[in-house]
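Chains: A, B, C, D, E and F, in written order; residue numbering restarts at 1 for each.
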Amino acid sequence: MSSVISEIRKDYLYNLLLRGERADGRSFTQYRPIEIERNIIKKAEGSALVRLGKTQVMVGIKIQPGEPFPDAPNRGVIVTNAELVPLASPIFEPGPPNEYGIELARVVDRGVRESGAVDLDALCIVPGEKVWVIFIDIHILDDCGNIMDASSLGAIAALLGSTVPASRFGLGDDFQLPVRDIPIATTAVEFGDVVLFDPDIDEEAIADAKLTVITKADGTICGMQKSGPGMLSEEQVYRIVDIACENAKEIREKFLE
Amino acid sequence: MDERVFIKDGIRLDGRRFDELRPIKMEVGVLKRADGSCYMEMGDNKVIAAVYGPREVHPRHLQEVNRAIIRYRYNMASFSVEERRRPGPDRRSYELSKVSREALEPVILTSYFPKSVIDIFVEVLQADAGTRTAGINAASVALADAGIPMRSLVSSCAAGKVDGQIVLDPMKDEDNFGQADMPIAITPTGEITLLQMDGMMTRDEFRQAIELAKKGCQEIYRIQRKVLIDRYSQFEDLQDEGSRR
Amino acid sequence: MDERVFIKDGIRLDGRRFDELRPIKMEVGVLKRADGSCYMEMGDNKVIAAVYGPREVHPRHLQEVNRAIIRYRYNMASFSVEERRRPGPDRRSYELSKVSREALEPVILTSYFPKSVIDIFVEVLQADAGTRTAGINAASVALADAGIPMRSLVSSCAAGKVDGQIVLDPMKDEDNFGQADMPIAITPTGEITLLQMDGMMTRDEFRQAIELAKKGCQEIYRIQRKVLIDRYSQFEDLQDEGSRR
Amino acid sequence: MSSVISEIRKDYLYNLLLRGERADGRSFTQYRPIEIERNIIKKAEGSALVRLGKTQVMVGIKIQPGEPFPDAPNRGVIVTNAELVPLASPIFEPGPPNEYGIELARVVDRGVRESGAVDLDALCIVPGEKVWVIFIDIHILDDCGNIMDASSLGAIAALLGSTVPASRFGLGDDFQLPVRDIPIATTAVEFGDVVLFDPDIDEEAIADAKLTVITKADGTICGMQKSGPGMLSEEQVYRIVDIACENAKEIREKFLE
Amino acid sequence: MSSVISEIRKDYLYNLLLRGERADGRSFTQYRPIEIERNIIKKAEGSALVRLGKTQVMVGIKIQPGEPFPDAPNRGVIVTNAELVPLASPIFEPGPPNEYGIELARVVDRGVRESGAVDLDALCIVPGEKVWVIFIDIHILDDCGNIMDASSLGAIAALLGSTVPASRFGLGDDFQLPVRDIPIATTAVEFGDVVLFDPDIDEEAIADAKLTVITKADGTICGMQKSGPGMLSEEQVYRIVDIACENAKEIREKFLE
Amino acid sequence: MDERVFIKDGIRLDGRRFDELRPIKMEVGVLKRADGSCYMEMGDNKVIAAVYGPREVHPRHLQEVNRAIIRYRYNMASFSVEERRRPGPDRRSYELSKVSREALEPVILTSYFPKSVIDIFVEVLQADAGTRTAGINAASVALADAGIPMRSLVSSCAAGKVDGQIVLDPMKDEDNFGQADMPIAITPTGEITLLQMDGMMTRDEFRQAIELAKKGCQEIYRIQRKVLIDRYSQFEDLQDEGSRR
């Protein structure tokens, strides 16, 4: 988008917001339509294609035996990686993950990890030596805004349908990956006094600060991340957290239970 | 090396005859951000191609004064194969990116866009032998979808040798345990833009393989053409609708 | 998971109450080559921040026509932690560099210096939970020391949850074995520029944590202000001396 | 070469070709003079310096114990690498191999591998654990055209003279590397209706498409690679393949048997 | 520093030198004030902050079990690394060590290694399998000239105060790292007929050739390195070596014994 | 550490006396693409040097307005040593590239070619102690072959200490098991442009080593000169022939 168009677009969006409207007619707290297709990648132990409006994210889960961390010798390991492949956006570049991809992967990872979503204690093969390693690979396909929530949703959706391929490694029967909680990330951006949930790509472009809140099924907060070169007032933060919990509950019930 | 039988009574493991392609599914315009895009399934291969450009080249010294440069990035998702692969390019993907680019470059009218770049990105979401050819097929359609002027489409598939017989479009097991694999890409007029072979073939077998692969490419070409026409006429319809308002 | 007790009779392992910061030491202008610098100790954390700029951007295409870009590099020395870490950035330091930059960017008047860059470098010499917040505190003072125009300082510290209680400024053991960690950064007027959380907190606990961390930040702000005033008046004195000659 | 000179040179070569001539007087199917010096690097287990006209390529073979691939636990391993060192051409740059170097190494590797040139079954030390690993390192010294054929020739020439240094690793007596076939790569470029074998650097510069054909001693084709941003007709391909087999036979007999 | 200022500064320094003076009043062979703070990093097994005039260098020592080199199966291992972090100078850039950082680390390493300063024979844990690995990490904090001598001094000072953390790894009682010699590096630059020791950053900028001489406690030379794009006469070299021995003796006695 | 005897009755393992160089072979102009080149054998060392330039600098910000920059890349082939080395530069080759460049830079008239670069590439095909000195010798001749204006040639060799004795041009075993190694490079007028030492030498031994290495360099200088004169006169002859036609 040239900068002239982008300035005009920005003014237009701002004016809409002043009138309490969003370009696509959503309310300020409303999400775009969500679609989740699960287990479409046969080669993966689990997978989910998430469509959040026009945004598309594919998450694949691979599960393989590996070494535990020294400080948790009897627990499975989670490794989360995000590829902002250049197919997904004119501004993504080939090469190893940059700070945006790294932040995305780490926030998704924290949501899964801190919520205790995966029962890692059930993933020990030989104590201190061999455990199941779960690779969560996030592949952004089309970045039309809010890839954070789409990725996070894809990760838990893919985990929920994952099978531990024990028989392939001669380690007994395959079994379903034990998932105990469903963390949901919800993200909002601020404009002056307004906070908008599930920003699309244009809304992201004009916002300065973003806040992602991850909540567990019981409403507990298990992760937060402010990003972007702006600031948030305490009130904005509290408001976002409150609505985030509601949104998360709705998404969880509608799509994952 | 392997005792398995891959063709029995003229029928292959997955029920195909020697000259049959795997089922194909193509969808054009599947991505919003990209200038052109195409999703393709060839059997168990699932690939998605996006085209960006013509656009400015960075860094500048890569610019060519009298034509667009073409970049092609073939990339496999970590979860696309049985054993998770590390993200990022390996030697194989560098080679495939190069030959795939060279398979499409001859049909792109690069002289229309001096100093610019046309980027082609292919993501393999699931792999089952034939990802490079699927990628070229999808990329060719994505280029058309992006409105890049081209002499023609390019269509691509492989022929292989299994149980001593030349077969069309080998799937994973046939590729792993077969005696040869030969991917090609051709234009509708039969010009060859990709040709690789590994394994062992006599000169006669090679000619058979070329003929068979050509036949497969022609079939793919019909599908590529159809999805583009369908999409184009859909726009036509929309336009008609628009003018009716 | 852990049977250890971290708070006994309202007193934490290192003798602090729940709302106390660890001892702080700050020194400004500790480096000669840098345009601004600050050394900070927060408990057993030892960090040093340097600011260079505004200066020219290389490579050129990173330039912004109407403002300075900010770069922030958080780096841990190999010997700063119990188990030697390999030199060079890891994924954690990339994330911390990003959020730290975004914690300071809102207060820097970047529009004063179009096409230039302001570089902030933070070296962690010893780490004991809280290096990112110590780094932001030191960097904020180093920016002032470098004469970079700012709306205000930024002050940063964490609140955590240990033995079910919200505590200020967790040290290493409390961070490792606690139930939550929440670093924030705020301006003197209470605008939040950094906010991260991992672990588990109810909404009420979260509000408590914010309040507690804000209190900590205000205390740190007083120290930041003091060291800058001390240094400033020292220059004043020198200037007076100079004018007396 | 400046682009002006290069344009003039190009026209000159084209005009020659129209008259059925090449700048150095060769016939269209004729190779430049070939010289092979073997075992000149004492530190290597095998080596060959190939001169193909002015083109010079050094190939060194190192053989060391290492791990087998999981899917071939009792077979030796071949690792092929090509360094287009900047000494060899004004357009080669320092750094890890780019796509040209990678393609070169992989095509040479396929020729050796697919032809079954090396008897990998004879290179097992401890089944599933330790096998001989053969490193084929291609070092381009002077790129005056057709480094593909020169490299391929250097690889098989070096392998033919290689010794497995078993005694150095306390693994019995040294023995000659068992080589069972002699794959030969021959490369042609196309100009309109004409195909030219063994292109020199100027001919390469003006050609759009190149085809490398690798044949075994019995005339079987064991590898092919089209490269360059051009196309070939089916007839051109068949013609190249036919002549390639002849050329390969001649080179094999003259230099390697 | 802009190039105009730098030219003026250069002329000024030259003129001073012609009159036998240095900008800060030192004699040609004199060092700037030296301060060494030891063991200030509790997380490290040893550390030293060296101030040489305004130059500041931190050296940290980490000691961990690891594998010996195959050709010295019963000896400890030393690994030296230098980070020219961009905090320390406007011309240092982020990224892996460049040739300046590598040279610095390797010269410091050679001084420690060749002088036999550390008794590596006393650092074997399990012969051929496990030995103590000593990581010498040099962190330049403020480059105001002659980081070579400051780093070398920091390395030996930090080693002298290091403890082998055996108990942390269940390998017996902690013990002091056995240090048997105190190598000291002294560096001079040349200007015409003059040689200047311990050059500051301005003197370094105008000098063409630099020579570092490392001497042991008994006066033996255990390392030398000429650097910079200039040359030295034989006489200059001999003069530098002679004075270097004196300077090293003085520094050793004053700060490290 | 080692019981082996390296010098017996004044004769070294390979039959040399303490002040003898290993056999030397030099050939100039061995590469067609390079602007200048030289192949050199010093005992079992086999190196080849190429010079390209003066030519344009990429990227531009490396340009110097008033002189050519010099780049020097010392590289060992994977097969040049007993144990295969991984391709690409390691820390040792970065250091050797730097000191080798600095050994040649003082004699090159860089001010003749502002904004340009002179590239020197040295490939070690076989290594046996002394590759850096062989590389400098070959590079010096390759620079002359490329017509780069120089104040003089540079000649390089090492002296070492073996069995307590200072010897010229140590070979691999003497280097591995000896007590010191000291490579130098000098101009014909005796200016030292490279000087490194590791091991242990008294000040007296050091002076002996310098004297011995200088003698070696002078011998090498005579050979360098001879191969250049031979090549030059060969061109003269060709020119004569040419003019006779």
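In this text, a contact is a pair of C-beta atoms (placed from the backbone, for glycine too) under 8 Å apart; a residue touches a chain by one contact, two chains touch by 3 or more.
In this text, all values refer to a predicted model and were calculated from it rather than measured experimentally.
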(message) Suppose chain centres are the mean of their C-alpha atoms. Which chain sits farthest from subunit F?
(response) A
(request) Going by C-alpha centroids, which chain is farthest from subunit C? Tell me that one. (result) D
(request) Give the pair among A-B, D-F or E-F whose set of contact pairs overlaps with that of B-D by over half, matching residues by number. (result) E-F
(message) Counting only Cα atoms for the centres, state how far subunit C is from subunit D in Å.
(response) 58
(request) Averaged over CA atoms, how far is the centre of subunit A from the centre of subunit D? Could you give it in whole Å? (result) 48
(message) Taking the mean of the CA coordinates per chain, how far is subunit C from subunit E in Å?
(response) 31
(message) Counting only Cα atoms for the centres, state how far subunit A is from subunit C in Å.
(response) 28
(message) Among all residues of subunit A, which ones touch two or more of the remaining chains?
(response) 97
(message) Could you pull out the residues of subunit F that touch at least 2 other chains?
(response) 59
(message) Which residues of subunit F touch subunit D once you look at their complex with the stated criterion?
(response) 31-34, 37, 44, 46, 48-50, 52, 55, 73, 75, 77-84, 87-89, 119, 121-123, 125-128
(message) Quick check on the complex: what are the subunit B residues that touch subunit D?
(response) 70, 91-92, 94-95, 97-99, 101-102, 105-106, 182, 187, 190-203, 206-207, 210, 214
(request) Would you mind writing out the residues of subunit D in touch with subunit F in their complex? (result) 40-44, 47, 54, 56, 58, 60-62, 64, 81, 83, 85-90, 94, 96-97, 135, 137, 139, 141-144, 201
(request) Can you check the complex and tell me which residues of subunit D touch subunit B? (result) 97-100, 102-103, 105-106, 110, 113-115, 208-209, 211, 216, 219-234, 237-238, 241-242, 245
